[in-house]
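Two complexes, one shared chain (subunit A), two partners (subunit B, subunit C).
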Partner chain A sequence: MYNWRRIRDNLFKIIVLSLAVLALTPLFHLIVVVFINGLSTLLEAGWNFFVDLPPTPLSQRLGGVAPSLVGTFLLTLTSLPVTIALSLFTAILVTEFPKSRVSLVVDTIAKSLASVPTIAVSMVVFSLAITIVNSVPGIRVYLSPAGSALLGSFALIIVALPFSYTYFSTFLRSVPFTYKEAAYSLGMSRWAVIMRVVIQVVKKSMLVAVLMTMARIMGETAALLFTAGRYRSGVPTSILGPVDAIPLLIFDYILSPFEVWHRVAWGVTLILLLFYMLIFFIVKIGVKEVKLT
Partner chain B sequence: MYAVEVNNVNVYIEGHHILKDVSLKVPYNTVFVIMGPSGSGKTTLLRVINRLIDLVDGARVEGEVKVLGYNALRADPYELRRNIGMVFQVPNPFPHLTVYENVAIAARINGAAKTKSELYSIVKWALEKAMLWDEVKSRLNDYPHKLSGGQRQRLCLARALAMKPKLLLLDEPTANIDPINARKLEEAIVSLKDEVTILMVTHNPHQAARVADYVAVMYDGRIVELGPANHVFLRSSTEITQKLLRGEL
Partner chain C sequence: MIKSKRDKLFFLSLTPFAISLLSILLLLVYVLFLKSIESLSAYGLALFTKTIWDPENGVYGVLGPILGTIVTSLISITTSLVFSIPLTITIAEYLKGYLKKIVSSIVEFMGGLPTIVYAVWASRYLVPLLKSYVMDPLHASLSFIPLFSCRPTTGYSIFAAGIALGISTVPYVTSIVLEAYENIPVIYREACYGVGSTKYEAIKILLSLSRPAIVAAVILGFARSLGETTIVVVTIGNSMTLTPCLFAPSYTVSALVASQFANAFLYRYAESVLYVSMLITTLFSILLSLYASKLIIEWRSRIVV
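This part shows the complex of A and B:
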């Protein structure tokens, strides 16, 4: 006699497993392709890949991606802290005072911003910079309409803010009210409850939110198209001048007809991928999850 | 002088009348038990006393509440709460802190300990008073998820005691734990009344009979009977109390 319950159970397992494999296949494919193409570039170029300037289109040597690496570092350094601070405090405001009008407005704006195309953000920031430069004499020294790390960071903050806010507010809302109640009953102030209890309970999730935001900033292309400046003939030294970024370099080089630039693009993509994997590995291993009681 | 004086208190939450003209007086160093069926307003009354009612959206309190000499409805709620310990129905030790830290955080907040050794002494004292020390003295660095439900609840009692409160509010503290742990908690409660005034909410008339000096019976937001425990249990004058004692409510 057939055991229908067992057959249904096994069928369900097979379907779930197949769907999981189907969902993960593109990801594995992406990782394998990036490793195969990028590794040969990194092995051939060696350490110089991190410190040299990019090659000319017909160059025999691979050169390096130092301007993009430094540019991405500068852009991340200037935009990440501002994004995290703004989004965290906004998320705290909205989760602590969920019924206030300010919270409702802020929440609506943040969610709407997430759906704005990032290239539109780049365009708006660029137009704003042109308007300011044309109307304020002498500001060109600080605000180059040709693009700068400052302008790029501004665009990146607008792009990353709603994502970061969504992560933070979701994690803060996930803390059971009973812990907050216990903290208040001990005489803790609202600020102490947030800092010493709420954030501590979800600290691993909060760190993941920071890293996801960082990944978003480091991988963003469209927001930088009109704002960063694509400076590749040297290493940037100021946030007021134009900079390059890893995604911009990949975008430009992979669309070019030059073989050497294709190879550089694959190499730098692998660096980006390895960096992401390293970060998530550290989070997974290094930060202990709080087990709720 | 009373540890708690509640006079004609009315509480409304989003338009609903939850507490109706509630008045009671809790003498110092007694165990005062509030009994009543679910939804009678027992927990709300506790939350008015330590102002946790402030956390409830749309809550409005009218009347007069004096707690340990404070005008509770006008006092700084944070300062007020530092004098009042509370143990909730569901054990809620902080999951990110160890057993030791869970108790120590309360002592740190109200400045009860200046040095590490003072802090250790308070933590040990609080865990002993909660009858938990012997079970956790070698596991002070464990996290609460490794404790049983009853141990977690006694840890919450120790956390509340580490504040050195003058008043302890217990909101059905044994509702979610096993009988053995419940009995330990009851023993701890009775042993504490020389040092702290205890106001406890319970569903269980037998438990009330074991620990209470005074009893108030609540029904539908009102106090329907109030007096010394013996009087309420032996010469109850209201039908609601009698039904409650028979387990029919």
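This part shows the complex of A and C:
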């Protein structure tokens, strides 16, 4: 009897561990193949990959992805600050008044927003832009319905909001009440307590939230499908005009039947993966977690 | 809660941010609904009983994509559950110290990885692999079962999309289950070992304690798979068909939108039909995740006192 229980215990352990290893295998395979295929593209294209325009489908040369890199930079630059501001202040409201009905409602809204498919966001932003352009004369100059960095950022903000809100509210909630109590007893106002105590205590975690939100924004594809505009014949200069983005380029090129576009897609995928790895390593190694008790 | 006048002012100064979140959500659902009315009033429920996409003649039916979405998500959540539970147990029970930190960081890394990276990998490597090592053998030996009856031609199919999606949701489901599992108070574990149970027996009891949380994780993973676009579009094969066979190319709602929306404005109703199917997916997804988070909160107040 005792033996059977021990055998079963070991058998279970073997099955569980091997399934766990199997669960992580895709990631390692993915990293390996992205590096192999991506490096072959990057090495052949050289530095020009970062400054050239994408190749034509039947071109012999690999060209580059400058429009997408600049586009993603523009999109991140315009959407990240708004996302952070909106979600941080909402998170402060919710953590300062945890028992008020407002915070319960906001939590529910954030959860609902997070489960809206990102492609739905893209459709809605697109049709809103059409409606506005059709009803307000003269606004076409600022709001191109064919897509622009502005529209794309709007969609990205909606997608990233619940994500960064969850981060911020989790971190702010982790500050023990004793810290605030001490600050209040010194006669500090609510704002001062938040700015000088709460935020300072979780300063590094705030940076984590910002970086992870940035990673989310840079990697988002579906929200940009109908909003960004896919401008690939030059480097975008204005946020009012159409732009391309790294994920969009990968998406279009990997679905195309052309070999040269597949190779470009692998190269950009490697760049995106490296970006993400960099952010992740900064978060994990650079930002050591503060232990609060 | 709100006591002094300055507190009230502080509260009021922050409410615009909360209101903007609320208005974004309302706007999203409202626009989806508004755009849906046109085709709903033109076609009614007939839209959901057929599988056809013929904008030239103005005939539409989205039964195929809707069923495709559900089946893909079911395969996806099954796949991720098969891997998530062992991964959770491994992290929580079998690993300690540095190794535990590394493995949970890897899971976190997988969770934040942009889906487009999974999509590229899945379309170039996973699908061919699944075709020659899973789909072909299953078809060869079990073709009398309708699910496996059709010959996998390219491999791009509901099955492939479901598996690819499942792999990408493993970290999400794992993080929910792991959080629940590790939050079970230690007294339960002590009680298990106190009566002399082996690790396997203890894990079995602890897992059964966290069952509502696992159910919630399943629902959340399912809801997330419903709306996922990138991975599905590149693996499902994009075809307007309705077959019982898992190895045939098909559509999900989001794949249909991704491939047809750009040209839909050319035809009357086409755009609106896409909005209807997206509205259904969105509402379904929101309701499921709210229900699941309610389950988790209830469970936490019952088990984790």
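In this text, the second predicted complex is superposed on the first by the 261 of 293 C-alpha atoms of A that agree within 3 Å, B and C clash if a C-alpha of one lies under 4 Å from a C-alpha of the other, contacts with A are read in each partner's own complex, and residues count from 1 in each chain.
The criterion applied here is as follows: a contact is a pair of C-beta atoms (placed from the backbone, for glycine too) under 8 Å apart; a residue touches a chain by one contact, two chains touch by 3 or more.
Just so it is clear, the model here is predicted, and its values are computed rather than measured.
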{"item": "Touching partner for A:Val106 - first (subunit B), second (subunit C), both, neither", "value": "second"}
{"item": "Subunit B versus subunit C as contact partner of A:Asn3, first or second or both or neither", "value": "neither"}
{"item": "Touched partner set for A:Val16, first subunit B, second subunit C, both or neither", "value": "second"}
{"item": "First, second, both or neither for A:Ser135, with subunit B first and subunit C second", "value": "neither"}
{"item": "Touched partner set for A:Gln60, first subunit B, second subunit C, both or neither", "value": "neither"}
{"item": "First (subunit B), second (subunit C), both or neither touched by A:Ser189", "value": "both"}
{"item": "Contacts of A:Glu220 with subunit B and subunit C, given as first, second, both or neither", "value": "second"}
{"item": "Broader residue contact with subunit A after superposition on the shared chain, subunit B or subunit C", "value": "C"}
{"item": "Subunit B versus subunit C as contact partner of A:Ser233, first or second or both or neither", "value": "neither"}
{"item": "Which of subunit B and subunit C A:Glu181 touches, first, second, both or neither", "value": "first"}
{"item": "Footprint overlap on subunit A, comparing subunit B with subunit C", "value": "99, 189"}
{"item": "In the complex with subunit B, residue positions of subunit A that touch it", "value": "99, 176, 178-189, 192, 196-197, 200-201, 203, 290-293"}
{"item": "Of subunit C, residues touching subunit A in the complex", "value": "1-2, 6-7, 10-11, 14-15, 17-18, 20-22, 24-25, 27-28, 31-32, 35, 82-84, 86-87, 89-91, 94, 103, 105-107, 109-110, 112-121, 123-126, 167, 170, 174, 198-201, 203, 223-224, 226-230, 233-234, 254, 257-258, 261-262, 274-275, 278, 281-282, 285-286, 288-290, 293"}
{"item": "Contacting residues of subunit B [partner subunit A, same complex]", "value": "50, 52, 55, 57, 78-82, 84-86, 88, 90-97, 105-106, 109-110, 143-145, 147, 152, 156, 159-160, 163"}
{"item": "Residue ranges of subunit A touching subunit C (in the complex, touch as defined)", "value": "5-6, 8-9, 12-13, 15-17, 19-20, 22-24, 26-27, 29-30, 33-34, 37, 86, 89-90, 92-94, 96-97, 99-100, 102, 105-106, 108-121, 123-124, 127-128, 158, 161, 165, 189-191, 212, 215-216, 218-222, 225-226, 247, 250-251, 254-255, 262, 265-266, 269, 272-273, 276, 280, 284"}
